[in-house]
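Chain IDs A, B, C, D, E and F follow the sequence of writing; residue 1 opens each chain.
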Amino acid sequence: MTDQQTPTSAARKPFHRLLLTGAAGNLGVQLRGALGAWADVVRLSDIAPIDALASHEEAASADLADRAAVDAMLDGVDAVVHLGGISIDAPFDDLLEANIRGLYNLYAAAVKHRVKRIVYASSNHVVGFHPVTSVVDVDAPLRPDSLYGVTKCFGEALSRYYFDRFGIETVCLRIGSSFEAPKNRRMLVTFLSFRDFIELVRCSLFTNRVGHAIVYGVSDNPTKWVDNTKASYLGFRPQDSSAQFTHLFEPIAPTAEFDDVAQRFQGGPFAAAAPLEGDA
Amino acid sequence: MTDQQTPTSAARKPFHRLLLTGAAGNLGVQLRGALGAWADVVRLSDIAPIDALASHEEAASADLADRAAVDAMLDGVDAVVHLGGISIDAPFDDLLEANIRGLYNLYAAAVKHRVKRIVYASSNHVVGFHPVTSVVDVDAPLRPDSLYGVTKCFGEALSRYYFDRFGIETVCLRIGSSFEAPKNRRMLVTFLSFRDFIELVRCSLFTNRVGHAIVYGVSDNPTKWVDNTKASYLGFRPQDSSAQFTHLFEPIAPTAEFDDVAQRFQGGPFAAAAPLEGDA
Amino acid sequence: MTDQQTPTSAARKPFHRLLLTGAAGNLGVQLRGALGAWADVVRLSDIAPIDALASHEEAASADLADRAAVDAMLDGVDAVVHLGGISIDAPFDDLLEANIRGLYNLYAAAVKHRVKRIVYASSNHVVGFHPVTSVVDVDAPLRPDSLYGVTKCFGEALSRYYFDRFGIETVCLRIGSSFEAPKNRRMLVTFLSFRDFIELVRCSLFTNRVGHAIVYGVSDNPTKWVDNTKASYLGFRPQDSSAQFTHLFEPIAPTAEFDDVAQRFQGGPFAAAAPLEGDA
Amino acid sequence: MTDQQTPTSAARKPFHRLLLTGAAGNLGVQLRGALGAWADVVRLSDIAPIDALASHEEAASADLADRAAVDAMLDGVDAVVHLGGISIDAPFDDLLEANIRGLYNLYAAAVKHRVKRIVYASSNHVVGFHPVTSVVDVDAPLRPDSLYGVTKCFGEALSRYYFDRFGIETVCLRIGSSFEAPKNRRMLVTFLSFRDFIELVRCSLFTNRVGHAIVYGVSDNPTKWVDNTKASYLGFRPQDSSAQFTHLFEPIAPTAEFDDVAQRFQGGPFAAAAPLEGDA
Amino acid sequence: MTDQQTPTSAARKPFHRLLLTGAAGNLGVQLRGALGAWADVVRLSDIAPIDALASHEEAASADLADRAAVDAMLDGVDAVVHLGGISIDAPFDDLLEANIRGLYNLYAAAVKHRVKRIVYASSNHVVGFHPVTSVVDVDAPLRPDSLYGVTKCFGEALSRYYFDRFGIETVCLRIGSSFEAPKNRRMLVTFLSFRDFIELVRCSLFTNRVGHAIVYGVSDNPTKWVDNTKASYLGFRPQDSSAQFTHLFEPIAPTAEFDDVAQRFQGGPFAAAAPLEGDA
Amino acid sequence: MTDQQTPTSAARKPFHRLLLTGAAGNLGVQLRGALGAWADVVRLSDIAPIDALASHEEAASADLADRAAVDAMLDGVDAVVHLGGISIDAPFDDLLEANIRGLYNLYAAAVKHRVKRIVYASSNHVVGFHPVTSVVDVDAPLRPDSLYGVTKCFGEALSRYYFDRFGIETVCLRIGSSFEAPKNRRMLVTFLSFRDFIELVRCSLFTNRVGHAIVYGVSDNPTKWVDNTKASYLGFRPQDSSAQFTHLFEPIAPTAEFDDVAQRFQGGPFAAAAPLEGDA
């Protein structure tokens, strides 16, 4: 009746091979350094070129919409941190290839290659049409604020299916605004520091069991639109806060512009965006 | 302070033009007859041929994946009953074209042509991985039981976005098993009589405002896995029950086979289906 | 360990004296006849004249804003059915006297005269700013649609206080639209037949204990905006439905006018009413 | 992808052997006749003598506190309807033997003999300290009104453990007052007709999967203190109502006696009972 | 797609004119100093005299029950912090004038003068009849513990109406016990430091949108009866705690006096108060 | 209208006599030292010998199953901290005597001797069959993971009854893993430091009123499976965290062993334990 774990040998890291997609993106660059501590081999993928590989790194870029290429990319992989795909609003046909067909390809390959866990970059834009005068928890009804957000809803549903049907565990990270610093007042609420982002991925990879988890990726900011209580089994405790940046944005009184859609909904400018060329 | 409605002239039906997609399918055939009473013109669409048109009917078939064709199909339409697309599990590439790209095309055209309401055939397979020992309401977390179910989750999210962003109202019908009679024991629970199906569409079209509604399409069967209380503003009160068919399926005692996935989850055989050729 | 009740003598009715306020109003007139079966003496009050008194009836009209008169009115009373006060939107100063000061006077007198129960005519206008695309239960947040509705919120809070502090039981009846027949499409949803209204009062008076209860007064209409499940300990089971009146209002397709406030909220025209002279 | 059941041969009943405990009690006598239609062999147990056995019946009485006897009683049994034990308040030492040790013995034997399902007579007295001004659903916190009720809480917890750990399915029937007719006013609320009781057991035995279910055993009485919505997957739809007995109990006005504990809580006289000799 | 705010000129404060009512009261005095940093002009109102005005201050006292005076008081005002009215239990007629008629006057004037936001001093006494063994969130049912509390319920309902109907935003502050230090054991739970009170008003004024918000005004005390999670979009994070005052009140064992109403309910002595002269 | 407490004389401690059962056990030894500060006399009980008594201590050991001995043990006691009984899984007959019959004896004696409060060592094993991918609050359905856990469910139900019926207040401490340090990875989640344990008992004894409270006994560990929000009226704020012990257990990647029952459920090895000799 003991569940004491035998410590793994010092010579071996917890994962043999981790795959990082979107490795050349804003967040991929931040995360890349951390992964080396967790895996013997870090496989990096991006449409953009991957710069100088370290000795424990290998490149395996693939167009996500290319089923065979994605299949090859997952060969020998223990777990995936999937930051790839399109992470802003874009024409639907582009989103369809990258975020829908591409994600299907990833999970289909994960079944085949017996990948056990995927950390999936979802987005707070799956709930962006909730008003800024509400606090949403991880069970809140989906209210996507953009076609981009709709594709992330698809991703959460698809990964749920692959968990219920095939047992592949996924943590859906509903990432807020992860930059060096907030760029506007809204980001004081949605800010996720790079350090907290990396910690969130660490929790997602190393919690013994995660099932199909949904968690908001925000730092411990003064104002909160989201509530992670039901995801506290992941052990994510943010260390940073946007409070240090508050002085960058002078307080303003409520004005008529607050009736704008961009001010009324959590998704901010996404919720107010005009349709893209050729889209509605 | 009165909201008395002036009765519309007897010479004019409530809708000028209704579009029915999937008009040649199992349910489309049932519904086609009813629509004539509600619209001056009923436009029918299907990939399969539409048989003999009545004087108030017009054919306007389109491949849902063909954006221009779908756009033309919605020209002049007041409201849509969208039964089209693929309604069983199928290879993902097929589902992608019909149920994802096709649905996007439909909503993009609806914005352009100022369509006010869409009745969307979703499915109980969006919650098919909930156990048969639970009762789900219309806010229950999505648990799709198949790739087909995942595409219906996409449809519910997409239509939610088009409501929040563009004001197009949608009723998502999570249709159970709509046939002449239940074909197996599971369908005693999920049965939706044709009469109740038509009534459900009527409620969806004629309720003054529906917002973005979700409702389960089941008759008043003895055993219930779903709870429509929160959708009772739609006025759907089923008239039929599967009770009259119970004698077709002799009672059986619990056996080991009840541990099968198909017996444990509401989605039944969908939840237990092996991956299709080329799919996972 | 028995709680068998000894039947009361046939010569004595359950209540000795019941007070009915608002006895000359639309609903008071309906109810007056029923009360004679339940009480030896029925005391009737209204600002308007009470017509011919039966032998078991007595008149005791009072201006609700007159504390001493209200005090006298409650002398010797076992229970009150309080339909008095203003039941439509009105200038605030009038509402203040009738529905706020008047109600305080009633409860202050009830404490003094040891009245055990009050049936209070609240209104569905305490939740009239909930959208017509939602279903509210008896715990739903208050969303009054008018100053009138605000005074009914006051009444529910006041009666709650008198229950918690002094043990006076109250049933708050959130009455919908109680007329011979619905007068417009909205009333198909809010209709309460006279028969069901009387039954609701009967349940409110004769349920052994009611505590501080809130219940919606609607018949079993096809479309529902309210859910009385949590009040089912009152035993109210409506016998009537607005279904028989549906034919009076031809079905209409959704139109632009549905964006009107009067169409979007349960309160209907109340929610859309312009401020009264001198009010806002 | 079919789940069509092959009808069982006419010569064979759904269950081979059903065990009925408490067979000589008030409800056991009612149920005994029905079981013959469902099982080839009905094994009957009671502390009291079982009267004349039919050809398909066998007697196997056991003191529930006798582990070996209970073990023998479950040999060859497919499913159990467990009405045995003490069903009124009693000295704790007696309850301990019959309802705690006895129930453990039953489940321990069920594991050994691979019994698949047990229908367990729990009681509404597990929630009897909820006030009569509330409606409890099947997830409501336990509020036992007596030591008897506490032993039924034990039974629900024990059977939950045996489901989670060993897969034995149990339906806990929180039976109200099941007699020919209500004996007092409280029973107008808690009445369960014999016909509805038998139907409830039928649903409990023949629903494909029940997991660990909790359901209130009440007829469709006008006044409700309980809400079975979450148990509607069991298919129990009561046919009877206490409404036909309402005339037996004249309506009474609220009086001071309504402050009695027996009037304030759902458990009625149980909640107010003085401790038994030697008990507290 | 940017929502970057242009910093306001250093020469101009966020608000032009703020109105503070109840400016001479316990909390008004605390707040007065802070407002100068937020507004070019601070208008002060109280029935009591306002002491020496600073250069940015102006006096505009009015009897709240005087409609014309209140109307004039709101002329040219951007936002209001409404601490005025009666903040303890008092005869109903006094409460009626100050807290009911007075509040109506304030909101009616706010509509006329296009005031955008009101910070309203509600009170924890709107929920004071919840037991001390429960934790209430901002949606908890109202349970006022006094006529004073009932008038604050009125205020919350009235302000909700003015938000839904006219778009005036209100933050209802359910203020606990705001003094230099707790005065008794109960206030260890309800304590709100002056610093935290000022921060709460700051959050209420400067959050971009607040809608109609309800928030409990308590510091981060060790024991909590309230839960502000759903109001965390206001950004209120208390800095102080009553823990530093715990030593003032020696721990005591539970005694019979704990059955007193003042010990059982969150409202403490309010819930137990005898009716005032002429009141009930 | 004051609730100011007169400070008790310095010469007298808050409690006259506290009883500690299980005084020689792991947690009893920790707590024993603290009790002297709270009570004039600390009565100690255990089956094992109690070592050297301090001047304020007295020994009064009793076999919990011995009704007369337990009765004597409670004579003159103000409050009880009940750590006695069996705190690991054990044969049912042993659990029955210590945790069921013994607990009944304790409460029956408490009624007789007018004990006001009992702090009861329940266990997180009453919810141990909830998955590790969920967070349970104090109202979560019971899911015991062992016969031991079932007896703790009994204890929670029994103490609830004694509160509702006799007014004896109980705090049920669902203690996690209280040792010097976590012994395995699971205990990083369930760890309760000795200091936090003592603080939890202090809160349980000195909160003015506790009613029938349930609270999880865990320190402020990074990963949480439980949520004490609804128990925050107890004032328990843990000071310690298992974070300092994290380095003892190297992070490991998800592996197939994570499908083990011991890894999937909060109860860990309890949920997976094989039946004990003679048990099921």
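One rule holds in what follows: a residue touches a chain if its C-beta (ideal position, glycine included) is under 8 Å from a C-beta of that chain, and two chains touch if they have at least 3 such contacts.
Given the structure is predicted, the values throughout are model-derived calculations rather than measurements.
For the pair subunit A and subunit C, chains touching both partners: B, E.
Between subunit B and subunit D, two chains of identical sequence, the interface residue sets overlap only in part, with shared numbers making up under half of the total.
If you lay the C-alpha trace of subunit E over that of subunit F, the rotation comes to 120 degrees, to the nearest 5.
Centres computed as Cα averages put subunit A at a distance of 32 Å from subunit B.
Averaged C-alpha coordinates give centres for subunit B and subunit C that are 40 Å from one another.
Taking each chain's centre as the mean of its C-alpha atoms, subunit B lies 53 Å from subunit F.
Across the assembly, subunit E contributes residues 229 that each touch 2 or more other chains. Pairs of chains in mutual contact: A-B, A-E, A-F, B-C, B-D, C-D, C-E, D-F, E-F. If you check the complex, the residues on subunit C that touch subunit D are 1-5, 7-8, 14-15, 38, 78-79, 116-117, 167, 169, 205-211, 213, 229-235, 237. For subunit B in complex with subunit D, the residues that touch the partner chain are 131-135, 183-186, 222-225, 227, 229, 249-255, 258-259, 262-264, 268-270, 273. Contact residues of subunit B toward subunit A in the complex are 92, 96, 100-101, 104, 107-109, 111-112, 126, 129, 139, 141-147, 149-150, 153-154, 156-158, 160-161, 164-166, 271, 275, 279-280.
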